[in-house]
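Structures for review follow.
What follows is a pair of complexes built around chain A, which joins chain B in one and chain C in the other.
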Partner chain A sequence: METNVTAIMPGLTARVVVNEGDKVSKGQEVAVINCMKTEIKVLSEHEGVVKKILVKEWDELQVGDPMVVLDV
Partner chain B sequence: MLKVINGGIETLVEDWPGRLGFLGKGMAPSGAFDNVALGFANLLVGNPPGEAAFEVTGGFFEAEFGLNTAIAVTGTPKAPLLNGKEIPMWESLEVKPGDVIKFSHIGQFGFRWYLAVAGGVDVTPYLGSKSTCIFGSYGGYEGRKLADGDVVRLLKPSRSLREVIGRRVRKELIPPYPREWTLRAIPGPNTSPDYVTAAGMDYLFSHSFKIQHTSNRSAYRLEALPDSFFARPDGGVGGSHPSNIIDHAYAMRGALNICGNTPVLLIADGPTLGGYMCALSVINADLWKVGQGTPNRDFIKFQVATQAEATRARVDQKKLLTENSLT
Partner chain C sequence: MIRKLLIANRGEIVSRIIRTCREMGIATVAVCSEADRESPYVRQADENVLIGPANPLRSYLNIAALIEAARETGADAVHPGYGFLSERGAFAEAVERAGLAWVGPDAKLLRAISSKCYCRQVADEVGVPVVPGTLAPATDEREIVAYGRRFGYPLFLKPDKGGGGKGIEVIESEAQVPEVFKRAASISQMAFGFPACYIERVVSKPRHIEVQFLADRQGNCVCLGERECSIQRRHQKVVEEAPSTIVTAEDRQEIFEHTRNFVLKLGYNGAGTIEGLRSQDGDYYFMEINARLQVEHPVTEFTTGIDIVKHQIRIAAGEPLALLQSDIRSRGSSIEARIYAEDPVTFLPSPGVIRRALLPEASRHLRIDHALEDNCVVPPYYDPLLAKVISWDATRSAAIGHLVAALSHIRIEGVKTNIATSLHILNHPRFAQGSFDTGFVQECLDETSNAELTSGGKTRWVS
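Coming up: the complex of A and B.
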């Protein structure tokens, strides 16, 4: 089953810290959002494998925008 | 006490009107970003409207109460959970030891919540205020945002809980939270014809400016102005850019600083002086709206106001933040 790791804040994508094919655990940092001149970590809510990375550096984000697809 | 389980994105202890009287020492006033939501939250639990409470920005704050007390949550309309169940906002309710409050992400409108507790927050006032100044690392709880594991002491309620639990803000008085925030403002001190073209001032008071993602408690940055905004080719002895002037004091809070081509609203933790022109000042009664403006999503529009209108609006806001507004 697929699930998305989504943006938790409006802002810009600072970076994605996983690669496609990586295993991730629940609570692991997956990406970073730049907002309010600070960096906000986006954590995975599930254990799984990174299937697809949907965003790149400086992409604009709103709350709920998908950033990474996980196979869980 | 309140035990922090998750500090969230940025949760601070803030009061109102903050730390006034120290601009000459370079110290920002800090204080609640949305003093209206703070005021109502405090009134609901029987506190004076300016008592310190928790300002939850962006969400994800989670904490456990260690005492029997009354709380109220106001601000961005996205109800937090108490022990897994949504709680009503703009209303006071009872909490017991072991109860856990949890905020998720922000809702469709607004950016900040205020969580007030009967009696207030027991942090030591610094220079007359309990407010946190993040960049200065002073005030509030250890001069910083709350973090997982922090234990914050709470004051004892000054009134009987039975007297305050269940009180609500009158529905018609809950402020609307739009995506485009209209801020009434007085032009000046640096305007047309010396610093800004007439067309530039028209643009300033008609354009809807997107709030930039770099906005925080020091400054709300808006989308850039066109070069045609400026009346001068450069800043003369002030510097090479037409926004440069000789250093002067900024009218904190609410001055619109023009930094290069970027309009920057100086607010809670903003700088007290500098070498950029200021084209307008937002009236005090509308400053709360800036705190609910969401970076990278919402817009700000300025509307010309007079000093008389600003004074009247401030008096009206003071009347609003009384127990007469509760049911």
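Coming up: the complex of A and C.
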């Protein structure tokens, strides 16, 4: 099954800290959002494998926007 | 002579610069992204140009779009404000190449001082004490290990091209050296495009003391006074004041002299600030130079009566400074509280729409720098600073009183603000006594219950 790791705050993508194919555990940092110059960590809510990275540095984000696709 | 100034920034600082331009008879051009189209600062300027989408990379950080906006409107000068491209050599150079006046130190100087180690070396050459550490970037692990054996841990690794507290890594022990050195270099490369990092020792319980200066192209430099900026959270200043309660007349004379020697050696022209640390033992150390107008410049304007933006513009036009050091008189005490769109307890940002903004009237005791109005948008893409409330009086306690009264009356509805936290700080006995260091805000929050800041009678925001 696939699930998305989504933006928890609006802002800009600061960076994605995983690569496609990486195993991630529940609670692991996946990406960082820059909201009003504060860096906010986005944690995975599931255990799984990174299938696809959908965003890159400086991409705009609204709350709920998918950032990373996980195979769980 | 500057006739039309383009302000390459957004928000309160644009309103601030426009005010001085009006007095000087200079026409103004504001720029905005699609997210700021309806912002009041845009309408305050004589002309405005939409320079790009909300994403700052394509608007406020877009050099080509800004130069084009200046061409299109016939502006003959560019003021970069603070943040964004204000200290970027490439922008200053593009402005100079377009035949426009750049309000700030020239491109060559901006490029040189973007290296922290260059600044540390120049300071050292003219006898200005720098924060203890290395003057050149660390080239390998062995150098750090040797340094650690000599001076102990913890040590900081700081990016040579860094700024704003970004990318600073702490080494707690010799065992951590290889790992932290590698990480610091890679973060520094990613964030600033250069891997070089240098070593700094920890100054325990420091106070942040900075000196505002003006320097012209003719080799004159005057110091307008120091500012105390120790009230910070996560390296972000929250409350600033002038003068500092801890700087003695002798200290002041010495740090002014150090500032002048350093600035003249650099060949700096424009307004700027030397940021420093004062150790518990009373030693002052140079930390970094800020080659721009600073957010907290109003406290110096209030105590000296000098309009720093006016002098910036005159220096950019090539005029010599019309001030001597002996002309500078500092009167009374001025304090600034920054209002940020953020949760007062977690410091998490709070973008949204300000449904209602009720701010007190300015007076001889009060200045409010802002670009707010009812129903204005606070976009998530830019700085969280909403407004600056600045008070002045003959004594520090009276200035605190005015600031507390003003902050208590402010109503900002729709986004969360840090006003409750600032009131808590200003009402704290240690703030009144002036006995604090850069760890004060955190200590202050640790002893306060969250409920007091979020639900007590002091709360002035509606989430």
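We take it that the second predicted complex is superposed on the first by the 72 of 72 C-alpha atoms of A that agree within 3 Å, B and C clash if a C-alpha of one lies under 4 Å from a C-alpha of the other, contacts with A are read in each partner's own complex, and residues count from 1 in each chain.
Just so we're on the same page, a contact is a pair of C-beta atoms (placed from the backbone, for glycine too) under 8 Å apart; a residue touches a chain by one contact, two chains touch by 3 or more.
Just so it is clear, the structure is predicted and the values come from calculations on it, not from any experiment.
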item: First, second, both or neither for A:T38, with chain B first and chain C second; value: both
item: Which superposed partner A:S25 touches (first chain B, second chain C, both, neither); value: neither
item: Which of chain B and chain C A:W58 touches, first, second, both or neither; value: second
item: Touching partner for A:I8 - first (chain B), second (chain C), both, neither; value: first
item: On chain A, the residue positions that both chain B and chain C contact, one per complex; value: 9-12, 35-38, 40, 60
item: Of all residues in chain C, those that touch chain A in their complex; value: 54-57, 190, 341-342, 347-349, 351, 380-384
item: Interface residues, chain A side, partner chain B - complex; value: 8-12, 34-38, 40, 60-64
item: Residue ranges of chain A in contact with chain C within the complex; value: 9-12, 15, 35-38, 40, 58, 60
item: Contact footprint of chain A on chain B as seen in their complex; value: 9-10, 57-60, 105-106, 213-217, 294-297
